[in-house]
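Following this line, the structures themselves.
Shared chain: chain A. Partners: chain B in the first complex, chain C in the second.
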Partner chain A sequence: MFRNLHSNEKQLIQCDGHSTIRTWVSGSIAVTLYMTLIAGLISSQTASPSLKHLVYESLSLSGVENPVTAVLLNFRSYDTLLEIAALFSVVLAVKACLPKQDTAAACSQTGISTSPVLAHVLRALVPLIIIVSGYLLWTGAYNPGGAFQAAALIAGAAVLLSLSGYHFLNNNQFRPLLVAGTAVFLLAAVIVSFFTGLILQYPVSLAAPIILGIEIVATVSIAATLFVFYSQLNEPDHSSSQCHREAGP
Partner chain B sequence: MSQELLYSATGIALFCLALHSVIVAVNIITRIIAINIMGIGIFMLLVAIANQAGQQPDPVPHAMVLTGIVVAVAGTALALALVRRLQQLHIEETSTLDSKEKLNGNKI
Partner chain C sequence: MTFTIEVELLLDIVLCIGIFSLAFLSLSTSNIFKAVLFFICMGLLVTIAWARLKAWDVAIAEAAIGAGITGVLLLVTIARPRIKTLSEEASNHVS
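Right after this comes the complex of A and B.
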């Protein structure tokens, strides 16, 4: 899988070289697959059974007004719970497969540019990003939005801050944030089962606050998870503050 | 050609193009991006199927696409972490060989 590299520098990992036969075989496979799938698509133009009417009938019982949010966080909340658990398990795997380096090596490899322009722009931009992501989180009940979109914004802000040299949390402080989303969702799922008899069956009058609480904790947790995906590639162990640089001009 | 058919065909075309790229590409990062694009093609197909002209769209495939996007991000993150680890191991391995060759006075 790797070519014979003759230098110590980081090189892009290359796979086995160009083979004309492989290109032609794969191209013909792709074209045949495309024809087959298009034929299947055209021949199945009759209306397929959908659960749309069920969703719109029960929308008032779900606690939110947007049908997609209702499906995600109330009707199919089991899928969302497993999705957050999948994110959590992948963050465990990423932290496990990239070992700790010594702090000096980690600091020298990060390639952080302490540009004053970036720091100055971020002073204005990061609070704005936090406000917009809070709005996205709140408006998930009424419009497209919700926890994942808000978490992606916050993770973007965290990556920008990390690029400008400002490391704000070390390793041990991150761990509760990573666990909180999955843990709170699981706790809510189990606790409501004591009141209504089924797990993840929210009581109708309490559905909106439960959903909002789960979304708030999930936002913070998913943002931390996405940031760890980025930071673990470059700086796996940041438990000491030797790399800390001031983010000011 | 109806709008739904056009978008579904585009989604399937993205999937097939990216499948070809996964098999053929030399650079591994290109392969990871191509796997992502395969997922995006399927999402496009799902959203195109969920739309019915003149009525409210079906929300269940939209929820499936949102879940799928997040799981695709997680899978890409794991793939990139594995590639980074392979790169680190490869650098360690080749630097050991280099130093051994230099000690023995041979050239690679």
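Right after this comes the complex of A and C.
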């Protein structure tokens, strides 16, 4: 990947001679805005009652002990559902509109310059990353952590594996993973409405397992989504059988 | 008069100056590769800023996503072959 960056250095994006007056005007406007915001922040009093007390009072009803997770996945779970649905629509757009690299050009590459250092380090690092992300997912109920952080870690591990030559993930195997997060969240939202009368209103005794189940599926789904963003840009097209690329050593 | 400077205030001032200067440098360099690298460094400083604001979840997410995912996506994007504009394609056909 980094080999291509040197060849693109000739295609620099140059600023075409911006005038100094424009720079000064825009710079002074930006500085004035920034100073106004800072002055407003310093001089403002917290007039409204802070929501922190409300959250801490209802924390026992939410099923988790971390107030951030309680707000994200119980009190304002509708926002999180819409967020995951927005990620899902973006991944649909990415898969539809970003073509993968030309298959012929990809097959002519004899192989990514896999440095043995990277491969060796990843043999130890990727299992550790999986364990740490599982820990972050589990501890999101008690400490800072949660589904998004765990998903970002797994996506980082998948990108590292892809950079070291392990093109192990086929496009078609990804589709159920991408859909699962949104689907399970929606299903949970609708199913609890049969028991409590409102969608996304978890019954208090079952709130913790429901939140954990949603978080597990959301982690896998978001990790797959973030990896698809990367692989649409960098990996050659695997769905065609014209060139055979097998997993590295 | 003697001023006692707290270490935390010094750290906050350094973070502010660092974030703003990295953002300005990222937008003003002419080399796109340097701009992406400045953006990744700014992401690291923003992670520390989130930690200073005691928003631990956001700090973890910013560290993983801001530097890890967004940085890699930007690097991969600028490494792709450049899309030709219409005028360049026309000039290629003519010449």
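Everything below uses one rule, namely that the second predicted complex is superposed on the first by the 210 of 249 C-alpha atoms of A that agree within 3 Å, B and C clash if a C-alpha of one lies under 4 Å from a C-alpha of the other, contacts with A are read in each partner's own complex, and residues count from 1 in each chain.
Quick note on the criterion: a residue touches a chain if its C-beta (ideal position, glycine included) is under 8 Å from a C-beta of that chain, and two chains touch if they have at least 3 such contacts.
Predicted, not measured: the structure shown is a model, and the values here were computed from it.
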Taking the superposition on A as described, I'd like to know which of chain B and chain C A:138 touches: first, second, both or neither. neither
Tell me which partner A:94 touches in the superposition: chain B (first), chain C (second), both or neither. first
Name the contact category of A:148: first (chain B only), second (chain C only), both, or neither. both
After the superposition on A, what does A:156 contact: first (chain B), second (chain C), both or neither? second
Pick one for A:26: touches chain B only (first), chain C only (second), both, or neither. first
Which holds for A:229: it touches chain B only (first), chain C only (second), both, or neither? both
Counting touched residues of chain A, say whether chain B or chain C comes out ahead. B
Overlap of the chain B and chain C footprints on chain A, listed as residue numbers: 2, 5, 8, 12-15, 68, 148, 226, 229, 233
Give every residue of chain A touching chain B within the complex, in rising order. 2, 5-6, 8, 10, 12-18, 22-23, 26-27, 29-31, 33-34, 37-38, 41-42, 45, 47-48, 50-52, 55-56, 67-68, 70-72, 76, 79-80, 83, 86-87, 90, 93-94, 97-98, 148, 222, 226, 229, 232-233
Touching chain A in the complex: which residues of chain C? 28, 30-33, 56-57, 59-61, 64-65, 68-69, 72-73, 75-80, 82
Contacting residues of chain B [partner chain A, same complex]: 5, 8-9, 12-13, 15-17, 19-20, 23-29, 31, 49, 52, 56, 58-60, 62-63, 66-67, 69-71, 73-75, 77-78, 80-88, 90-91, 94-95, 98, 108
If we count contacts the way the header does, which residues on chain A are in touch with chain C in the complex? 1-2, 4-5, 8-9, 11-15, 68, 101, 136, 144-146, 148-149, 152-153, 155-156, 159, 226, 229-230, 233-234
